[in-house]
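Pasting the structures here.
Next come two complexes built around chain A: one with chain B, the other with chain C.
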Partner chain A sequence: MRSLLGKQPVGTAFVVPYVVFLAAVFAYPLGFAVYMSFHDYFFAAPGAIVERPFVGFDKYAAVLSDPAVRRSFGNVGIFLLINVPLTVVLSLLLATALNTAIRWRTFFRVSYYVPYVTASVAVVGVWLFLFNSNGLVNSVLGPLAPDPSWLVNSKLAMPTVALFVTWKQLGFFILLYLAALQNVSKDLYEAASMDGASRVKSFWNVTVPGVRPATTLVVLLATVTGANLFTEPYLLTGGGGPDGASASPVLIMYQRGIEQGNPDVGSAIGVLLVVAVLLLALLQRRLLERES
Partner chain B sequence: MSRVVRFVLLLLGAFVFLFPFYYMLIGSLQTEPDSSVTGAFPSPGNLTGHNYVEINTAINLGRSLLNSGIFTGGVILCTMVFGVLAGYALARLQFRGRGAVFSLMLLVQVIPFQLLTIPLYVLIVRGYGLADSYPGMILPFAINSTAVFVFRQYFLQLPQELFDAARIDGAGELNTLLRVAVPLVKPALLTGVLLTFIGPWNEFLWPFLITKQQDLQPLAVSLSNYLTTVSARAANPFGAVLAGACVLAAPAVTLFLIFQRRFISSSLESGVKG
Partner chain C sequence: MKRTLTATLLLLCLAGTTAACGDSGGGGDADAAAQARGEITVWYSNNAEEVAWGKQMVAAWNAEHPDQKVTAQEIPTGKSSEEVIGAAIAAGNAPCLIFNTSPASVSQFQKQGGLVALDSFADGKSYIEERSGKVAEQYKSTDGKYYQLPWKANPVMIFYNKKAFAKAGLDPAKPSLATYDEFLATARKVVSGGGAQYAIYPAPSNEFYQSWFDFYPLFAAESGGKQLVADGKAQFASEEGKKVAAFWRTLYAEKLASQEKYNGDSFVDGKAAMAIVGPWAIATYKGKVDWGVVPVPTSAGKAAAETWTFSDAKNVAMYSACKNRGTAWDVLKFATSKEQDGKFLESTGQMPLRDGVATAYPEYFAKNADYQVFADQAARTVEVPNVPNSITIWQTFRDAWSKSVIFGQQDPGAALDGAAQKVDQLAAQS
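Presenting the complex of A and B:
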């Protein structure tokens, strides 16, 4: 009995609430989403017994031929192409600069992290004020200001959203790189400088390979954040505007699944998005590992 | 990079990160929105507290703050009770399935939560009838897995002799946890509260989906509803929105500034694990 349940079987009782929580909030909904996406699932009055026939891949076919869905996946592609490289480069650069004896270190660390702990809804308010047609950004740019303005310009709306998210999340990624930099051996830098390598060279040959595992993590987390995008297009560009140019898959999922009452279609979008993220994560891993 | 270049780079970064917060405060105090360059500097003639009154009459700040507080407090309470239990068991107790629970905890952190919103909405709103209720709001966030991870790390660092001694004295595991282990990991508990706080306080999509009644909406939701619908009718919409934004941002930013060392070290730790 002892060996079957382990030395302290009471441990099982301690983790039961947590395991039940994970099952109820993650595992079961995940399975339920897959189930709905293969059935004709609709909202019915509570208690009513309704048929929800199995429809195979019908919902997926409907989703894949929906231009709004396709556009939203393309939009997230644009988002990731801007957000991920920008996040990696800026956070590594700022973390490297911070990782030295420099004045005001704490002040810098704190200021980079503040946007990360603040609610999106709050900072979206300021960005709207800054980037609107008569906003401060345009008055500084003067004649260089884009027309139509940032958030109502179909070419610039998604890049502006990507810029916003990069700005908001960067502090977290800087800290991640700061942690990784602690593990890069000082001897390697010394060896590099003995060989007469310049600062730039030792950054490329020591720092960049030294933090590669962190880069893999940063790329993965930034991709997951991008796939989760909802609040920013909903509020910043007034529901994915102009004309769907900044709509994200989660936004379309919300519109189809809840606003229009088709949870089966919404679930199919969700499942496709998970599959896309997994494929992308595998691909990124391959690429990053091949480089090393 | 030379020292000066580095410093200038960092300074430029700090400006980009902090300026919007400064501008939020200035904008919330302006009588007339002034988006010219000089508007970024406060001019005494254009300052007012009226925007705060305006947003308060539009969305009832007190009630919204109370809702945010109950939502966040409920999540913190559940995390502190059930999360500490789980973290302790994962660190110090040997039982069947421990490895599986641990892997599950790590796996959960990479699942994009938004993708579960449709099934969760169907289950919680349609299935359990928990729309427009605090339990419905709290349920999906009830136990913060990052906090469980942090608790486990801290419990792991305690010396084994402590637990052996307690067991020899015949103390039960729950007693050992409450009398011996918890008092020794107080910093971890504070870290757990802090990192659990920012999740529900800042959360938008979930409470937005399940609260249709205005008097149950947390501030993030009522403010965004004001932003998308009502603000067009206000005399100085940006002023009122920014005033609401300041109220929403203030608790999280204040806590962060007071406890920044804890916030930053916990992020460093959860970064190292990956």
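Presenting the complex of A and C:
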């Protein structure tokens, strides 16, 4: 028994359920997706006699030569370029503000968190109202309003989606930074103040380095959730419109894999996305940890 | 002893698995299943009117056949019915019958091994062809078999808001909408006259099925009843298809139709003066819009009796997980009998895909004169082509349509030519 459970049987017993969970809902599906991407695979009824031959890298070649797929990766790149830095900057600034003794602090904390816990389907309606051609934003902008309007403008659709997602998820990242800010020693602020540092300098030289581990986490989570973008282009821009300008790889995976019944192609896109996100996360980690 | 018990349990499990697999296989099991009778499950749409019809149909069957009880439920919720059905096929827990099977998905379900060929019943082919007449031909699969029973259609026509037309100074009793030129002139007047912000508002979003409610009805009309793909070749890059594309491009370019998605019913909300839809929508217009209806336009203004349109049909299919297929086939015939079709028509206003529907229920159409026009139109409907890669073909077409016609980023003719080449390749794949 001891040889089976190791030196810490209680610890192992506690860990096993999560390992099983990970194996069942993550490792197995990922492995199966890799398998599907190398076969001519489709879902069939139990007992149906179907052929699913090994096709090597054919599905990957098909996916990489598909302009819609290539464009979707480009689109999500634009999304991440806007969403990740904006998320880091805004959530850190707002967390810092909410960490000070301001009036209505609880109200503001709740207000920033509400969009995060509200279903996208519900808040998308509000953004459609704000950003359609006769919406509130264009009414305020008057003659400066873009034509075509935000969500049907091929240059502005993805940035608008990125803004929406940033706003929606801000509350969660503010919470992460608020937790991190509790670990920054007040002595450091007092020392900076005694050295004559302004509030801006104090923020830059004490707060920013003090929450760097949280920043690494925020960057990583924002990148991973951003790369999995689906609901917003599906609902906000009518299925990745205009003309695919806001289509994301996951949306294309859904179209190819589920709607069109080609899970092999969908899996190949998914595997490429996983690899791309892993490489990006590795790069981010190296850059952020080198700075620290 | 312990080992023997384990081995026995494993053998029992294996036997159970083998039996389960064998059930959905072909050959002798399929023949036995075709004769088998007993309890079955059916799914129907979650549309309130169809639910009411479904409940009474099931109650009527169960009252007469207590030994072959039917259990019915609405299709489980998902992003679309087709996704749910596809997942149920793969999981092996699809019901015997689904009264909401999209013809566009039949080739995919068939490829999955999820459907039962209705020709496998002695009277399967004859029943379908006698009930639906010539229209049935469009629902045959490429192997010549029927994997779906053509059930009901919603012939797509142009609805117009009489008040919006009157407000813009147009005659609501005789709207000028027969030719493309007339339609465009009316559209310009209804918008400039303040009848509505947009003349017409088909969904401009990119889902594969949206072309069924802008391009396809007009293409069916312009081409005299051609399908999107025929004999393995795309038909839409023809002169007729390009005329239809140019017509819609004018509507979008002049902002008579919107490029933006609308959350709600633009026709009910008065945002658009016209809608392109089938009779299922009438129930939602009741008490909200004073509407009139005309056939979809053609370039030359064909007479109503010569105008074709898209059927927007939903059919019934039998799924291979069904064990008691004998009962399922009997229920299918019962649910599509003349009596039940009549009840369906009364409950929903949708047209049973029954030959001569206009004359089959004279009392209903005498009482509901508004629906007569749809019954007449039902005889001239075009279905989506029943070909491999059907959904991919529609998405390919939609992408080209969206880029060129809706957003004007490419010449519509060139976009249709490009899409036709891709569709030819897709249609050629088996």
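Please note the rule applied: the second predicted complex is superposed on the first by the 264 of 292 C-alpha atoms of A that agree within 3 Å, B and C clash if a C-alpha of one lies under 4 Å from a C-alpha of the other, contacts with A are read in each partner's own complex, and residues count from 1 in each chain.
Convention: a residue touches a chain if its C-beta (ideal position, glycine included) is under 8 Å from a C-beta of that chain, and two chains touch if they have at least 3 such contacts.
Since the model is a prediction, treat every value here as computed from it, not as a measurement.
In this superposed model built on chain A, chain B and chain C take up the same space, so to speak, and clash.
Residue contacts after overlaying the shared chain place A:V165 against neither chain B nor chain C. Contacts of A:I258 after superposition on the shared chain: both chain B and chain C are touched.
Contacts of A:F43 after superposition: both chain B and chain C are touched. With both complexes placed on chain A, chain A has more residues touched by B than by the other of chain B and chain C.
Judged by the touch definition given at the top, the superposed model places A:P29 against chain B, while chain C stays out of reach.
In the overlay built on the shared chain, the residue A:A179 is in contact with chain B alone; chain C does not reach it. Judged by the touch definition given at the top, the superposed model places A:I82 against neither chain B nor chain C.
Judged by the touch definition given at the top, the superposed model places A:N228 against chain B, while chain C stays out of reach. In the superposition on chain A, A:P148 makes contact with chain C only, while chain B stays out of contact range. With both structures placed on the common chain, the touch criterion links A:P242 to chain C but leaves chain B unconnected. Note on the chain A alignment: of 78-86, 150-158 or 294-302, the part of chain C that runs into chain B is 78-86.
Residues 43, 46, 125, 128, 132, 238-239, 258 of chain A lie in contact with chain B in one complex and with chain C in the other. Those residues of chain C lying in contact with chain A across their complex are 20-26, 80, 82-83, 86-87, 89-92, 94, 108, 111-114, 203-208, 259-261, 263, 320-321, 389, 391-392, 395, 399, 402-403, 406-407, 409. Chain A meets chain C in the complex at residues 42-50, 68, 125, 128, 132-133, 148-149, 151-152, 154, 237-244, 255, 258-262.
Those residues of chain B lying in contact with chain A across their complex are 1, 3, 6-7, 9-10, 13-14, 16-18, 20-21, 23-24, 27, 33, 35-37, 39-40, 82-83, 85-86, 88-90, 93-98, 101, 104-105, 108, 110-123, 126, 129, 139-140, 142-143, 145, 148, 172-174, 198, 201-202, 204-205, 209, 220, 223-224, 227-228, 238, 241-242, 244-246, 248-249, 252-253, 256-257, 260, 263-264, 267-269, 271-272, 274. Every residue of chain A that touches chain B in the complex is listed here, in rising order: 4-12, 14-15, 17-19, 21-22, 24-26, 28-30, 32-33, 36, 41, 43, 46, 93-94, 96-98, 100, 102-104, 106-115, 117-130, 132, 134-136, 139-140, 167, 170-172, 175-176, 178-180, 199, 213-214, 217, 220, 224, 227-228, 230-231, 234-235, 238-239, 250, 253-254, 257-258, 263, 266-267, 270, 273-274, 277.
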